[in-house]
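Consider the two complexes below, in which subunit A is the common component and subunit B and subunit C are the respective partners.
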Partner chain A sequence: MNKRSHSIAFWAGIAVFLVAVLSMTQIVRNEYPFFAGYVILQFIALAVAWTILGGYAGYVNFGTNAFFGVGVYTAVALFKATGAPLVVQIAAAAVVGMLLGFGVGLLTLRMRGIFFSIATIALAIIIETFVMNWRFVGGAAGIQLQRPPVMAPFDSYVKMLFFVQAVLVVIAVGIARYIQNSRMGRGLQALRDDELAAECTGVPTLKLKLVACMISGALMSAVGAPAAMYLQYADPSSAFNLTYSVSALAMSLIGGTAHWIGPVLGAILLGSTQQFLAVTISSEVNVLVLGIMLVLFVVGAPKGIIGLLRPRYRLRAGGKQ
Partner chain B sequence: MKRRTFLGGAMAVAVVGHGSSAFAQQPPIKIGMSMPQTGGLAGGGKASLLGIEIWRDDINAKGGLLGRKVELVVYDDKSSASETPAIYAKLVDVDKVDLLFAPYATVPTAPIMPFVKQRGLLLMGNFSFQVNSKVGHDMWFNNAPWGPADSWAASFLDLAQKAGGKNMALLTADQEFAQNLALTARDVAKKRNIPVVFDQVYPPNTVEFASIIRALKAAKPDIVYVASYPPDSAGILRAVNEIGIGDDVKIFGGGMVGLQFAAVMSNLGSLLNGVVNYNTWLPEKSMYFDGTKEFFDKYTKRAIEAKVDPLGYYLAPFGYAMGEMIAAAVNSTRSLDQKGIAKYLRENEHKTIVGPIAFAADGERKETATLQAQFRGVKDKDIEQFRSSGKQVILFPDKLKTGDLISPFEAARK
Partner chain C sequence: MTTAAPDAPLLQVGTLTKTFGGFTALDNISVNIKKGERFGLIGPNGSGKTTLINCISGALKPQAGSVVFCGEDITQLPPHLRARRGIARSFQIPRPFKSMTVLENLMVGLDFAAAGSTAAEEEIAMSILTRMGLASKAGAPSDALSQVELRKMELARAMAVRPKLLISDEAMAGLSSSEVDEVLDLLISLGEEDITIIMIEHIMQAVMRFSERVMCLDAGKIIALGEPAEVMANKRVQEAYLGT
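The block that comes next holds the complex of A and B.
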């Protein structure tokens, strides 16, 4: 009963969020909140997607930018070749991201800890080099795109993208929440704490890791897909920017990785701060502020915001009762 | 302590009160832009911004624009394309700036082109390359001297062919700007029936060029066209110095980024001799126009404090020129109407500290004013030598020419 009422509250919250986003696109005329809000939503979705592998399973993935960039370039290639609509671009990006996640899972999940992380960095570099030499999508010189006309009920494309990104956030959070509460989540938690012990007690660790990799990858690439239309421009150095990896990781760590709300809180806090600093202090200082914030959280709140807020999550994050 | 606070406050009020009296009642004219102040493009971005700030101070000292003070609203875009859409949306929708300048370089500028076109806004370009060719915005004006897309390669190949060059080697970095240059170089070579005997694209962050230079040397080219970025420009010249490049090479260089900046130039010193490379402004006799000298006097002083390129030839005067063009347009049309300003900019030739500027329909220069200059008699470890004329002799364009090419490359290196 308690679980069920939690569920009702969660889905009611999601519905309120989507209605609020939709009405915002209809009421607010000033476009800046949508430009800035899009970026924050994008980071929420990325951080949640990262947490599925990095938080639940404890496999630190530095290749968020690889998945994000693959999403961007799947959208670009598809749009250039067929003029496919946004939904198709996102769906295709998710499929490609999932395949990439599968490949990465097979290749690198036999490596653990730091070796896995290094392999994911290498992945980003390999794919970026490939895209740089792929002339059809502009190669190293980048490519400019013309947006198609916007669809009703939106009066500007950015507002539509803002709503689409909000839907992606809902999907990511929904999946993360489902995994967390399911058999799979408990399995991932077990393998994070001790992979050998988990395997011995009958947890199908490789299968779980592969599925986590695929879901996380699909979400990250799906989040990247609308970025092509947001920027109306794609170049490899921006699409595969290491900032995406660092930010997704920092947001999850700051928020806490044991619960899906952690990366959401972390991304809202860090993403808004980044957007705010970009138009206020706007100099080298904003890089410093973010660095200091990360250090403070790592030292002062190793379990993130949720560790500070709810001591019981601290127990769960540690995996000990 | 309290009294000191009070005195400080009173002084501040007095200063502010005095300062604003010249521009009584009227709100300032706000010019908005993002500028790379961190990340890979920061070095150039800061120098460019200093040029624009010097213009702002000059115009305000003269009484501002339309009797109103000019104010800059500047945000850092971290050299990234993903930052600029939100920044320009804020400039236009929240800060309500009157005019827009583009950030330095192509990558941060590209995403805002569709935005300004859609909103019908004037955008003054700042050294981006062919960013309007696909967008076709008629209120875009680039301050860079590039001119038509193929003129860059064409001018270099003109010099090369005159010196007897018959075949070409291409060595280019796998990055945005270098690849744009490489594309036009291949096209121009094809049109002129110059065979490309060596075409090597190397990944960014390459540090060791010995094997590439050996392979290039083995192809025995007459013309070596290099499009590279600062760290690789240095690496390539060091490898050429160690291995040599052969006596066949008539001309070497073309599109090497980095050889315009004081730090790189003084670091490379005598290795630069003989290289023919593009530039935008040089301290040669033909390059001084009304106000040029005064600008560099101010720049040289302020560059130390701002910790930017001490020479500032490449970007800063063009930032100033961007302001000069806007001032002329606003003063002539007596308004801030962007369509009117765009019309004025398109139809007239503008006098600036970097020479006269006239725009073609695509918002780029009608004629290229990109210099091709040859390094001569450069000594090691001396920044000040680059302030005197004769160290970089201008070979192209003819109007600004201050000398002839010394060829072959090996002879020019001595």
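The block that comes next holds the complex of A and C.
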């Protein structure tokens, strides 16, 4: 199909999504849908960010919680020190996340497969320990935050955060889609299939992995930044909770990692199931459901939801057959 | 960019030594390969053939010695920069990009090693595939290919790098004799287009028919280098292959 008409359809869909989100914040009075919806949007953005390195390049990152937590605490520290507005907090978190991605990538991306994954787990533990001992942001006890007054046209802070998170989703999806359709996407796919063959075909594998790790890290930290304002509270064990890593990974795998739509579908499915279960049964059950769904998909649909929807999707580019 | 004198060798391997722990895989290897030459590399299993081309393509770094390509010392360059300078290779055991179609496999090389616009790239990729007799498989997933098709795709992907030097590592292993002729004809026709080719091969008729010069390695050392008939007649070569 025509690339241009694809692009037009995509951006039209994005515009409709943002308008829908914005009008929802203006029309719906009850705050609960925004409170729950924020979490789902947060997981969509996290899963899409995870897929850029974990899916496209095949480097499984267990350190989503490290990047998320760094985002939370960058925002907290900045807010406490200077009272910077939310946009600045998010931008700063993205920069710090990108630098962290660069550092971690440089140290660990020479390691293949499982070693990279283990290194990313260690990363989260190291940073969490550091934050626990950082008095300025409350240490292990956590810190209470007072929300600044909300900005027009929103009438509540949660509604504003819902819209902000929707914008972050759009940014994450836009970047993921751009990478997927670019030279870089092809290079990442090649190195995921066979790193040596990719190198010998001219793909600068280390550079591409590093860039993917930086973009992925920047997005994860940016997504974490509004979380402190959302809860009006931050503490290390929830900001660096391993659930973020497991969820981002599970949502991407369940949705399918070969296309940006995969993590979006996976996060919508799992995120809304979790929200539903948390209200109807208990918040502990949703971890169980996550586990069961992951097992079912790994066994029954290893290519995820997109693999089920379009089992022959990979043949699209070739023409014949 | 460095341009070599017209009669200078395309590739100069100088006193190359590669060891793995206590094992010396390459021992002080020096050889020059001329521009446009069809060069055969033979030797018994474990003699260092693949290690040598790994050092030339950059997959391995030697402990000592140098690799000079087109007058430029590339000993320390990573493989992707060597590919961009025009060194392409196939692998002994085919290593396709499994999640891609045949055409996309070629696009990787065109995207990263040989710059150009995407529209033109697809045309180039298709013309390479037509040449290799793979045009009808362009849209097929690469993990659905037969052995001979995989071998051809590896060569096609190497050609997509637009190489000056093509290294073929046992591209004919495991093929039937008619398939061997098919692949050999392809390699010879590539050689006629100013592409220098190093061919590693165990099939002797293929080596004899293909090569202008043959080098035989044994235990990491050069034991013979010269015209094919001369090398085959060499006593040490016969001993290395047949045992004493």
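FYI, the second predicted complex is superposed on the first by the 306 of 321 C-alpha atoms of A that agree within 3 Å, B and C clash if a C-alpha of one lies under 4 Å from a C-alpha of the other, contacts with A are read in each partner's own complex, and residues count from 1 in each chain.
Heads up, the rule we're going with is that a residue touches a chain if its C-beta (ideal position, glycine included) is under 8 Å from a C-beta of that chain, and two chains touch if they have at least 3 such contacts.
Just so you know, these numbers come straight off a predicted model, no measurement behind them.
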In the superposition, subunit B vs subunit C on subunit A residues touched: B
First (subunit B), second (subunit C), both or neither touched by A:36: first
Touching partner for A:310 - first (subunit B), second (subunit C), both, neither: neither
First, second, both or neither for A:199, with subunit B first and subunit C second: second
Touching partner for A:258 - first (subunit B), second (subunit C), both, neither: second
Which of subunit B and subunit C A:186 touches, first, second, both or neither: second
Which of subunit B and subunit C A:141 touches, first, second, both or neither: first
Which of subunit B and subunit C A:80 touches, first, second, both or neither: neither
Subunit B contact footprint on subunit A (complex, rising order): 30-32, 34-36, 38-39, 129, 132-133, 139-142, 144, 146-147, 158, 227, 230-233, 235, 237-238, 241, 243, 275, 278-279, 282-284, 286-287
Interfacial residue positions of subunit C with respect to subunit A in the complex: 57-59, 78-81, 83-84, 88-89, 91, 95-104, 107-109, 111-114, 136, 138-141, 157-158, 160-161
Subunit C-touching residues of subunit A, taken from the complex the two chains share: 183, 186-187, 189-190, 192-194, 196-206, 258, 314-315, 317-321
Parts of subunit B lying in touch with subunit A, wherever the complex brings them together: 37-38, 74-76, 78, 80-83, 85-87, 89-90, 93-94, 106-107, 110-111, 113-115, 131, 134-135, 174-176, 178-180, 183, 201, 203
